[in-house]
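The two complexes that follow have subunit A in common; it is paired with subunit B in the first and with subunit C in the second.
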Partner chain A sequence: MSSRVTAKQKSEYYYLKCVLEQEENGTIKYIVLERVKLKSLIVNALKQLHGLVGAAITVDVLKCEKTSGEIILRVKSSDLIKLRSSLTILNNYNGTPCRCNVKQVSPYLMSLAADSRAWSPVEVRGKQSRYYEQS
Partner chain B sequence: MASFGDISVPYQNDLRVLMKYISTLVNLGYETIAINRTVSPDVKGKGGQDKIPGPPNLTSLPGLEDLKKTCPKLKLLSRITVIIEDQQQVRFIPGETVQSYDIVSVQPTNEKLFQQISQAVECDVISFDMTSRMPFYIKHPQVNLAIERGVSFEILYAPAIRDESLRKHTITNALELIRVCKGRNVVMSSGAEQTIELRGPYDIINLGLLFGLKPDQSKATVSRNVRSIIYHAEARNKTVKGAVSLEKMPVPASSVKRGHENVEQSKESDLKSKKFKV
Partner chain C sequence: MVRLKSRYLLMEIRFEDGLVDQSLSSSTVYHDILRSVENTYGDYGFGCIKMSFKVKYVNPFTGVVFVKCSRDYYRMLWHAVTFLKEVNGRQCSMNTLHLAGTINSCQRFLVKHNKKQLRKMLAQCKTPAEKGKISKMLKQLPSAKSMEDEKKKRQGDLALKHLTG
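Here is the complex of A and B:
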């Protein structure tokens, strides 16, 4: 028997899937960071835009995918706007210009498993997207 | 849903660099892209009008065909921004070169000029230099006049990403502008100097929340308002007083048989295809 589950209240957390990008010789490449470095980068970005209040936001790094550069973050839903705007404003990593491309945002971690926007009927499943150069 | 658009990609002399901007924007999810050229025509010298370059040819960019395959809805437009520092420069705007661009935008530098532009000048977008302290206050009456005429206001976000002091000024000026126009008729576009400064449309929508917009207004700044600018521009450019427009129709096969009539028709359509001057 199938059953239907409805979440009645506002979800407590939001999950973000993002990729740190960098331009190298005219092509876009993703940056892979260790968790600690990534966390400090994010906290710095938050502090830069929102000050101490921003730095007090708890952000959890759930995953750092080494093969695709994807990062999954978790924040309290009340802090989502602050975190996302800080990621938008983020402009350099170690002195080189970079961009944090937020791919997906969802209140459910499971829905980050599939990206409806990146899906295209032409591309064969399992193949890496053409956007990134394969390193 | 209206597609996402960025109406301020700076024109590059190197077409390959320009193409890089376009492909990055397409990858981020934009479908309407306007290539912007900023000019400040000289009043004193003769032939200031001639010095304004015509709209760039956007159909023959290298690699555009391949990009069209991945994004068939891609729409490229040309846009001109005229920086106005002097009352006399206003006369360039109804000129033929400026009006031949798809989107015409004006950047006033003082309050008097802003008053004049919002009242009478034929343009689609009013932009301000938001990277420094505004030299004048944006006031309700002028803004309301512009909004009534369907003219939009522009916020550039790339300076906010580039540098800390620029960011400070951009945020203050954007907050001020949005307070005055109550979130109506605002567009946010990049104005990026590097491709890495471009951001995805949903990031910009989120940034709009920080500028004091409501979520729905914020979404409109990159989608609905951009579309309305394009329609406003088309009404200005391709119609007579916004009421009548003429289009070239393919000649139906049945009329091809009657030779002499066909010649007449093509003559007529040639006349029609010439640009209307009002």
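Here is the complex of A and C:
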């Protein structure tokens, strides 16, 4: 028999998957940063929009993927709105314009593992389209 | 029609050296408080507060300030004011004495507060000249009975207003 698991309480943390992007010669490139630099960038963005109160928010950088530029952040659920808004407002890195693209937000870390929006019909297997295979 | 609700804060500026600043004006207080709001709550807080923030009255001799603020964000203002360190380029601290919905009730509180302060000062007086001056001031103030009457009259007026719409 299958069992259903229900989380009754509000989850303590929220997880965000985001990408720092920068435009160079008309193409969008990922910015890959060290953890410390990334954290300082985020704290500065928080301080700009929410002042000292915002700078006091604890944001954990869980992961910095070097290949895809994906960043996974963890934040207390009460501070999610502040972090999300300052990531939206973030527009500058070292004097060059950049943006933070928040791809997924979830109270469960596991749900960041699969992203239905990133799913593509072209399967890697045999480099052929799944639809192509079926027809 | 939607009414814009606001709160009034009665605050007191105390300079570090215990002196008064005669050049204190409402615009300097306004800018210093706003800067403190921007520091503690950033651009967001600045925008929220600036919508309806007003310095209504400043008394440079007693350091009393009346401040008007939108009801939704008065807590932000209150917090920011506690972090204020400098007004007019001098070290000071700001103390919130009273929070009210109307400026009138703030003023009533101030009268009561000043009365208390005068009594305290009377107890601390050293020379008879000082004592005479303060007791003269205390006599000029409205008596407790007249204030009580006024309160009753005001409450009656409010009740009447409520009944008649």
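The working rule: the second predicted complex is superposed on the first by the 119 of 135 C-alpha atoms of A that agree within 3 Å, B and C clash if a C-alpha of one lies under 4 Å from a C-alpha of the other, contacts with A are read in each partner's own complex, and residues count from 1 in each chain.
In the analysis below, a residue touches a chain if its C-beta (ideal position, glycine included) is under 8 Å from a C-beta of that chain, and two chains touch if they have at least 3 such contacts.
Not measured: the values here are computed from a predicted model.
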Superposed model, subunit A: greater residue contact from subunit B or subunit C: B
A:88 touches, of subunit B and subunit C: first, second, both or neither? first
Partner chain(s) touched by A:117 [first = subunit B, second = subunit C, both, neither]: first
Partner chain(s) touched by A:102 [first = subunit B, second = subunit C, both, neither]: first
First, second, both or neither for A:47, with subunit B first and subunit C second: second
Which of subunit B and subunit C A:23 touches, first, second, both or neither: first
Touching both subunit C and subunit B, counted on subunit A across the two superposed complexes: 48, 85
Complex contact set, residues of subunit A against subunit C: 47-54, 85
Of subunit B, residues touching subunit A in the complex: 20, 24, 27-29, 160-162, 164, 167, 194-200, 202-204, 206-207, 209-210
Subunit A contact footprint on subunit C (complex, rising order): 38-45, 79, 83
In the complex, subunit A residues that touch subunit B: 21-23, 26, 28, 48, 81, 84-85, 87-89, 91, 97-99, 101-102, 105, 117, 131
